[in-house]
Amino acid sequence: MDAIFLQVLNGLDKGGAYALIALGLTLTFGTLGIVNFAHGALFMLGAFCAVLFNKIITFSVKVKDESITFFDAYKEQPYLEIWWGDIGSTIIDYSIPLSLLFTIPVMLLIGVIMERGLIKHFYKRPHADQILVTFGLAIVIQELIRTFFGANPIPSSAPAIVSGSAAIGAWFGLNDSLVYPWWRLIYLVFSIIVIFAVFVFLKFTTFGMVVRAGMADRETVGLLGINVQKRFTIVFGLATVVAGLAGAMYAPILPPNYHMGMDFLVLSFVVVVVGGMGSLGGAVFAGFMLGMLQSFASMNEVKAIIPGIDQVIIYLVAVIILLIRPRGLMGREGVMDD
Amino acid sequence: MSYILEIKGVNKTFGGLHALADVNLQIEEGETHAIIGPNGAGKSTLLNCCIGRLIPDSGSVTFNGKNMIGMEAHDINHAGMVRVFQTPEIFPDLSILDNVMIPALAKRDGTFTFNPFKKMADQHDIHDEAMSILRDFSLDDFADHIASSMSRGNKRRLELAMGLIQHPSLLLLDEPTAGMARHDTNNTIELLKEMKRQHGTTKVIIEHDMHVVFSLADRISVLARGHIIATGTPDDIRNDPKVKEAYLGESEDE
Amino acid sequence: MKISIKSNLIIMLIFITIVLSAPIWGKVIGAAYPDLLQKFAIFALFAIGFNILFGLTGYLSFGHATFLGVGSYTAVWMFKLFSMNVLPAIILGTLMSGVFAYIIGYLSLRRSGIYFSILTLAFAQMAYSLAYSVLTPITNGETGLQLSQQDPRYLDALFGVAVSDGLPSTNFFGLSMSGYSGFYFCAVILIIGFYVSLKIFRSPYGLKLTAIKSNQKRMKYTGFNTRPYLLSAFMISGMYAGLAGSLMAVTDPLAGAERMQWTASGEVVLMTILGGAGTLIGPILGAVIIKYFENIFSALNTAELHSIFSFMPKFMENIFVFITNPFVGDGWHLMLGVLFMLVVIFLPGGVLEGLGKVTNLFKRILGFKSTKQGASKGESS
Amino acid sequence: MDKKNNISNLTRRGFLKASAATGVALSAPLFFMQGAYAEGKKFRNDPGSAKTVKLGFNVPQTGAYADEGADELRAFKLAVKHLNEGGGMLDTMKPSSLKGNGILGKKVEYVTGDTQTKSDAARGSAKRMIEKDGVVMISGGSSSGVAIAVQGLCQEMGVIFMAGLTHSNDTTGKDKRRYGFRHFFNAKMTGSALGPVLKDEMGTDRKAYHLTSDYTWGWTQEESIKETTEALGWKTVKTVKTPVGAGDFSQYITPILNSGADVLILNHYGKDMINSLTQSVQFGLRDKKVNGKKFEIIVPLFSRLMAQGAGDNIKGILGTTNWNWALEDDGSKAFVKAFGKEYGNPPSQAAHTCYVQTLLYANACEMAGTFYPPEVIKALEGFKFDGMGNGPTEYRAEDHQCLKDVLVVRGKEKPKSQFDLLEIVKQVPRAEVEYKADIFKGDLGPYEVKS
């Protein structure tokens, strides 16, 4: 029972990340009709926003390291600590949550530049071309990050106060020894809030209504005389920000490395397709569902019955769903049918 | 009397919309039958039900004595019922010649032939046939051109040529002259008349242009709100008050 | 359809000359060593096969590396079980991939567009994960399937082939498959593969495949059952991949699971697009370019850059080295990504289209009439 | 420079100089250009009378191990510099035949390749070095799969392979090759070295839970550690295979919480290890008490670069390492000093093993008086040396495994600098980690290889 409870949490947690990435992906697809293979790279960029922010606030003075005698080595002491003492240390401790404030404008800027500079020229091009050019872009982004940050994962810690585990068992009247990492709980809540916010935004603002209308029928919205171009840019920026936030918050769970985008890319595409291309609800549902399935397939009891199932479950489910439901779980007719 | 195409009690609904309601229609061998009706009357839906693109909720479509419902599109084509599309469904990336050779190949090779080692350049029968039909449509000068680069009128003519090269026993024409200039339209009418004289091909035409309808049709059916409200010779239809009310009257108002 | 006024014979003669003289022109670009030449031939074959699917029908498979892997594993098993002669290995390798292609194709082709891509990707990822872990008894996991002294090799034993001291090497009736003889073997297979592809491109069958790409719906109403066409094209291209995979095992008898990873599938997509999808020569060009980058650019370092630009004045030399340095050595992936983006953005017809444009430009400058771009008109849809 | 031997190299450099290249195109293909065979003993890439000799360094420059590869490459360059000009461990190695004037009087040059941590790519770049650049020795690699793949190739082609970082038992076990040599220690030795320390620190009544990378290195390490701990009296609760590159290990970690185990053994390396360790700590494993004992995590194979990636989570975790820059012997000091001076940071264990391997090969050539591989191999087999940072060391003839002390280390609680991440718990003497070569199957193969 405890084990199942924990796996449910794991599944929700994973699902939260999948859903966040897939949400942006399906949004760009549904409104802009763009298949963005660089979306994983945007997630990675988000995580590196957190890293960069941390680097900036821990910008340091170099102090000669006396403990190393073989050669000249330097220790680093952040200016923030020198100037503000303990307050500085606290700010540094909270660098991940604070970095969100940094991530949003940066990712928005990246998104706008990307859409204005590259993506908009591909609205009329075939999907294959879109896949290819964004795939190329993903390679470029990833290699640039490697050039600046190296290939090694960069440890990023959550604020000390939430770096431990919550006694979650006690909350639910289960076994007292049942714990779950604070940060993962925060991530789960965070992802639900962001998903909710995106839905509210699309549901209750006029902008959102136009976007939803665009997802339903792209041509008509264009005919209504609405400035679609500007809205496309904003939608793309929004998707970029969501991916970036998902990445930044994921940094304490998975130390960011330049390749993490590619690792998530295939998965997030599977999520989007299983949910139905262009369906927001589908992406969220499929994200949580696949996260949950992956969690449970990794249980020893399950693996004992079907060896290796944990490695293929996601793809297996994707294949089955696509063969049974041609447009994914919640896909509408007419999207990507050609 | 036996009919080449017999549509019996066909119903089709989309959501709440009753697109076709108990449609009955008999097409006689050799006749040119026009189906007219206001926009949204269910004309295209009816055609789609005949060629397997849509499956009716109930009713039957019998062609040459065979039930067509549930048959795959390509089998319906080989049974001899061929459709010409309203918005040209050509092969935009291929040359005009290729566009006409492909239906000719379909006629010859059947639904599937695996012949990767035959040379296309050696298919003289297909090539000659294609060139001859292109001449009929005055498209032979453009044989090498990529289809997507053609004018809309030429695309429509190409579309017709693609249908005719298969020598169907029944040709379904969905607004064959829509978007054509007047003299193109007249040419097309002549062409279709010529075709009837030579091959006696049975045709079902959906058309808005009454000039076309009355120059070509032997019989006319009027479809309104999913119902066939009248069927008869052009003169019958012209004088039918129900038709006037449902259709002609409307168009005069416009 | 008219692809070119050139006859098959002349095209083949030119192609054979270029392929067989690779050790000579390879020297110009510093690629004249057996391993790279073998790779050129093998990956060109892989890309030709991929192009039969993607270039003709427009179906973008993201899982073709699976067939490459299946071909390799089958070939190595043939070496282990039966004979070091390469003939059974390449025949069975190709057939086995055909079987896999039939199964995967049968299921995946039920969908089109991106759904098809994702289905092939999912199958490929499953194959890769399983080969890496659960199927280790067959694939030897991460280390890769290798030959061993203790392998039975029943056929060789039957014909009394002498057992050597070290590991036996692959041969084609006594002709060793390493070094240049290995390259010429691959080259001959490539020439045959190219000839088959040429025939397919110029057959009614090929025309119908192109028509499917152009307008599949219309093909159905024209009386074609498109499923068997697509499935046969998928199988042919899978078998090309299997043949390429078994040739990889022939020139180097080791098969690893990473050959089947989705990035490997992505690589062949890159090759085909980079060169020019839907054209005869484009994919070959793309394969050569990418393999050249991978093997030559990745090995350049600052010192070598300095010597390349040494003909310039010192400060210019330094500037050029500074600019190019991030793109070579460990930065060759960056180079590849940038190049790839440039091609997709500006030359949807691939490098071949670029070459066509340049040729036309020269012709115009020299006063010839500019010609229509027929052959490079095969962009993806 | 000997023109004849460097044609291929020159043309590669000149690939942008199209004009210069045209002349070469007209010359006939030199099918046997690599085989400038000397009189008598023929072997591949014999430098003959050339004034230079070329070594090939095949390291991961892209992919997950790129940082380690970069460090290895730095060490190789340093080794080449020292071989040509003297310095570094040349002064501390004994016995040494190295004179600091290259190898056998020939100046040492090198070429590099990118393994991408993939067997195919690694073999491809190794082949390029052998067939095109004409190297006499290949070194490098940062993964056992790659090392084994390249080692097999080198055997076939008759070029000596001095393995870099590879820890699987198979490299010098069932996949050992006559032409392959490993200075690095292996999983078996890790197990033997850890055993006594684990007994001291954690007692004999423990229940262990393994998370293991699902590939050959993971399996051999799991097997070796299991053998050791079970000999101590520990029980193995469960061994679980995790896919390589899983990223999020949470679903593998949660079952541990209620499994009754009180020790977690992470048979992961690189990125996987950083992720699984980080997440294990987040799941509160280290704060747990099970069966009345403090829950412990063990990472049998450590490296400083990995410790850097794991950040604070590595503190207090036990593991083993081949070498650490903080060692105080003369060899280590000389190497760290030279490396630090050149690059501004201390070398990693990967860098150390690559540096040492290069020197050992050069020394063996000097001892043999030739580059002829069978003679060089014989010089290396059974070679006993000291002053290279690991104390007295022997290249065992039977399996080409170096036998030497193994370091048991712990993540430092209070690092004094950003490099000071590991503290040495115990230097386990060679005698305690040595095992019989014949416990693993496999066959070295012949000395002579037809080329």
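Just so it is clear, A, B, C and D label the chains in written order, and each chain counts residues from 1 on its own.
Here is the rule we go by: a residue touches a chain if its C-beta (ideal position, glycine included) is under 8 Å from a C-beta of that chain, and two chains touch if they have at least 3 such contacts.
Only a predicted model underlies this, so the values are computations on that prediction, with no experimental measurement involved.
Ranked by how close its mean Cα position lies to the mean of all protein Cα atoms, the top chain is C. In this assembly, B is the chain whose CA centroid lies farthest from the centroid of subunit C. Here C-D and B-C were compared by C-beta pairs in contact; the pair with more is C-D.
Per-chain Cα centroids separate subunit A from subunit C by 34 Å. Note on chain placement: the centre of subunit B and the centre of subunit C lie 45 Å apart, centres being C-alpha means. Centres computed as Cα averages put subunit A at a distance of 36 Å from subunit D. For subunit B, residues touching at least two other chains: there are none.
For subunit A, the set of residues touching two or more other chains reads 311. Among the residues of subunit C, those in touch with two or more other chains are 129, 132-133, 333, 381.
Going by the touch rule set out above, the chain pairs that meet are A-C, A-D, B-C, C-D.
Considering their complex, residues 1-2, 196, 199-200, 202-208, 210-211, 213-215, 217-226, 228-229, 232, 236, 377-378, 381 of subunit C touch subunit B.
Across the complex, subunit A is touched by residues 62-67, 70, 214, 238, 240, 243, 245, 247-248, 250-252, 254-255, 257-258, 271, 274-275, 278-279, 282-284, 287-288, 305, 308-313, 325, 333, 336-337, 340-341, 344-346, 416-420 of subunit D. Interface residues of subunit A, counted against subunit C in their complex, comprise 35, 118, 121, 125-129, 131-133, 135-140, 142-144, 147, 262, 266, 269-270, 273, 277, 307-308, 311-312, 315-316, 318-319, 322-323, 326-327, 336-338. By the touch rule above, subunit B contacts subunit C in their complex via residues 51, 53, 72-74, 77-78, 82-83, 85, 89-95, 97-98, 101-103, 105-107, 109-121, 123, 126, 144, 146, 162, 166.
Those residues of subunit D whose C-beta lies close enough to touch subunit C in the complex are 8, 11-18, 21-22, 24-25, 27-29, 31, 34, 61-62, 66, 69-70, 111-114, 118-121, 123-125, 127-128, 131-132, 144-145, 148-149, 152-153, 155-156, 170, 175, 214-217, 241, 243-244, 443, 445-446, 448-449.
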